[in-house]
Amino acid sequence: MQYQSQAVAKLYFTAAIGLFAGQILFGLILGLQYVVGDFLFPEIPFNVARMVHTNLLIVWILFGFMGAAYYLVPEEAERELHSPGLAVLMFWVFLVAGALTILGYLLVPYSGLAKMTGNDLLPTMGREFLEQPTITKIGIVIVALAFLYNIGMTILSGRKTVVNLVLLIGLAGLAVLFLFAFYNPDNLVEDKLYWWWVVHLWVEGVWELILGSILAFVLIKTTGVDREVIEKWLYVIIAMTLITGIIGTGHHYYWIGTPEYWQWWGSVFSALEPIPFFMMTVFAFNMVNRRRRNHLNKVAVLWALGTAVMAFLGAGVWGFLHTLSPVNYYTHGSQITAAHGHMAFYGAYAMIVLTIISYAMPMMRGRKAANSNRSQVLEMWSFWLMTVSMVFITLFLTGAGILQVYLQRYSDTPLPFMVVQEKIALFYWMREVAGVVFLAGLVLYIASFFVGSKDPEAAVEQAASPTA
Amino acid sequence: MTRGGSLPETSRYPPGDLAVWIFILAELAVFAIFFAAYAFTRMQHVALFDQYQATLDRNAALFNTLALVTASYFVVRAVTAIREGRTASARNRLWAAVGMGGLFLLVKGMEYAHHLGEGIRLSTNAFYMFYLSLTFFHFMHVILGILVLMVLAMRTAAGHYSAQSHTDIESGASYWHMVDLVWLILFPLVYVMH
Amino acid sequence: MNTDSRNRGRSCTLIYIVLMLLTLVTWVVGRLGLQGLPVTLSVLALALLKGQLIGDWFMGLRNVRGFWRWAILIWLAGVGVLVGVAFFFSSGLH
Amino acid sequence: MSEAFTKVMARNIFYGGSLFFLLLFLALTFDTEGTLPERDNRQAITGKVAMGKRLWENNDCIGCHTLLGEGAYFAPELGNAYKRLGGKAGIIGFIESRPKDGIPGRRSMPQFNFTDEELDAIAEFLKYSSEINTANWPPNIQG
């Protein structure tokens, strides 16, 4: 750690991991509710548990992004953070607001929460992923502005690297697009049209810029490859991302009342959306193969490569599977969508946050570069457990989705939704088992922060390093 | 014609910056998919496509094709000029290309005005959806290409390029030729073939 | 050096004239209202040929080796096959 | 390969390309807005429908159901519920009759204790939704 103010990232990362654990617990509850329908009913109905699951995901990823920014921006800009105090303050504001919101979901019926927070003044609640009370949304905007100010001032008055600029563009885009969360017309079609400006243009647009810049930073640090090379790859990748991803929004405009030409525009451009992810995979492996040094933090490199591969599989391949409009006609809003959502979010965004945590946390906890061997080995186990179980979750959901699509949508004698759900329950059970394995991986992951923390730092094997 | 040593050696990479070429490939991929989509959708609506294709102004399209090819020719000549270090000539030819591109926009714009005046939109029917999508997507490429050529012309005039250093011009030229190339397929496909 | 680039310039002028003439041919076909699969496929072939002239001479791929030498040609072939097949199979469907 | 392209050009393509496609997206959105009145059934949006949409939102219905295919995949699609359940009466009857403590072992919709006016508003909202032109989606009545 070269600058003291980078240490604020530790708060953010710790909170991110804690919320991640919460997200997984609620994921398991949801998975069980899929097969044991009355589980926790009526105390925690499915919609409440799902809100908690998805909102925790978004919040912990945002914590991760902010932590990543606070860690890497000073190092790239070669100066201390503009205001570490503001960063700490905003951390607590965000955490408390987030916690209150989650508690609100769990303790008050949703309609009561809507009434309590005055949703009728400016109705924004009750739309998927944007369930937060309007007041929370305003809080998010304030935190985002303060964060952007802090990061922006640091970047603009320091060394301007491509990593920093791309990160800043991504974060600014994130904040600006979130403003569409406040637009909620009575017209359902327009509501949906602009809802996607938040959701799609986040995850298939500006978030990929953030992902790219964090990945580039970690690769610069761990491989020692010339910054110039990595930066130009970064530009090419994010150019392809926006070139394909912006019009790619059209793949959400097939069946929601929007004109039918979107079936063409959306299919053509979203069919190309895997390209930037593929380039990212090639890029990550290429850079690691050309590495100039063997970084002691092996597990961070593993996370970085894992991110590239899983993002390509989850977002690229599983996205492509159902993005063409003739296919999507049958798969839209089925378990196929759920399968894609799980692997894409884990592969692209959960993993990039875990990558930067894995890289940065040892140094913030007093190591020179990396954790002890024992800790790293444990973290690698957690990597494989979580990643492989996520692959299985995705495969099981895909299986469920294919059957669902056939029985409910494609066959000559389509069956009702609930009948089909019972027929595919086996897949949901297997998904739940894979989810438990994922939780085990997460437990190991958290344990890796405590195991071997007294052991000496990992050293270069076989190389001519003096033994301590 | 002797193949003297002065002929340019073959090189591994096309003229200009490779990043532009990667971009060109991506763009060509999009156009290829759109062309194929047009052709295969037409299979299902042959009569409809033929009927509405007849409403297009083929003379305007001819004029536009000639304008774009001529612009491309000026661009080629501009690259030749800058390779020989003839800056003023390169600049003039780039402006000439911009002018031809401008003519294209003007004529195409008049065609659009005509269609819009008749109340034709993307959602009117399958043929107009493809006609407007394809040509407008290309139209925007022409605008971008013109902007690129204008910047290049101004920078040439300001003395940024020389016989030794002119990769930007080659990059911009390659992009412009791509725009031309796409139109050379688009013109017969949408205006003539039935 | 100078004579050479002048040669190149002359070649490109020739290519330019050919492109203009081929464009006129396409237009005349449309003008005369010629129909039928052979006509349609010939028009397509002319377009592909023009594309190849652009790639080779204007874009300068003639002097490139390896993948990029063939990039445009491959693209044209792909477009030609897809469009050609579609028009081939729709020729009887009036 | 990486030696043959420059960072400046990659950057220019990023900025230029992004701006280009953003403008194209805005142009398409503009056309979409112009076309929506023919498709989105806006003439049917009464005060009642708006009230129904608010109720739909304030009870987080999207947390279990899909509406035009978007939402959660725990409970049936509701974009065509008006047709599937046989009109407003079917919708109202279904919502009203949910047992307070659920159905043992099975998924169940909560009992929301809506007033008659609220039930009518929700049904009106779902009727309006079912008349949006969705390009023939869903493929059949089962949603």
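Some points to look at:
All chains are identified by letter, namely A, B, C and D, in their written order; residue positions are counted from 1 within each chain.
Going forward, a residue touches a chain if its C-beta (ideal position, glycine included) is under 8 Å from a C-beta of that chain, and two chains touch if they have at least 3 such contacts.
Values in this document were obtained by computation on a predicted structure and should not be read as measured data.
Taking the definition of touch as given, a chain qualifies here only if it contacts subunit A and subunit B alike; those chains are D. Excluding subunit B while holding all other chains in their positions yields the touching groups A, D | C.
The chain pair with more C-beta contacts between its two chains, of A-D and B-D, is A-D. Subunit A and subunit D have Cα centroids separated by 24 Å. Inter-chain centre distance (subunit B to subunit D, centres taken as mean C-alpha positions): 41 Å.
Per-chain CA centroids place subunit A at a distance of 47 Å from subunit C. Among the residues of subunit D, those touching two or more other chains are numbered 5-6, 10, 13, 17, 20, 24, 31, 35.
Within subunit A, the positions touching two or more other chains are listed as 232, 235-236, 239, 243, 259-261, 265. Each of the following residues of subunit B touches two or more other chains: 12-13, 19, 22-23, 122-123. Taken as a graph of touching chains, this assembly has some other topology, since it is neither a line, a ring, a star nor fully connected. The chain pairs satisfying the stated touch condition come to A-B, A-D, B-C, B-D.
Interface residues of subunit A, counted against subunit D in their complex, comprise 33-34, 36-38, 41-42, 45-48, 50-51, 110-111, 114-115, 119-120, 123, 125-128, 131, 162, 184, 186-190, 192-193, 228-229, 231-233, 235-236, 238-239, 242-243, 246-247, 249-250, 253-263, 265, 329-330, 332-335, 337-338, 408-410, 414-418, 421.
Residue ranges on subunit D touching subunit A, taken from their complex, read 2, 5-7, 10-11, 13-14, 17-18, 20-22, 24-25, 28-29, 31-32, 35-36, 39-42, 45, 49-50, 53-54, 56-64, 66-77, 100-108, 110, 112, 128-129, 132-135, 137-143. Subunit D meets subunit B in the complex at residues 1, 4-6, 9-10, 13, 16-17, 20, 23-24, 27, 31, 34-35, 38.
Contacts from subunit C toward subunit B in the complex involve residues 1-2, 4-5, 7-9, 12-13, 16, 19-20, 23-24, 26-27, 29-31, 35, 40, 43-44, 46-48, 50-51, 54-55, 57-61, 63-66, 68, 71-72, 75, 78-79, 82-83, 85-87, 89-90, 93-94. Considering their complex, residues 19, 22-23, 26, 29-30, 33-34, 37, 122-123, 129-130, 133 of subunit B touch subunit A.
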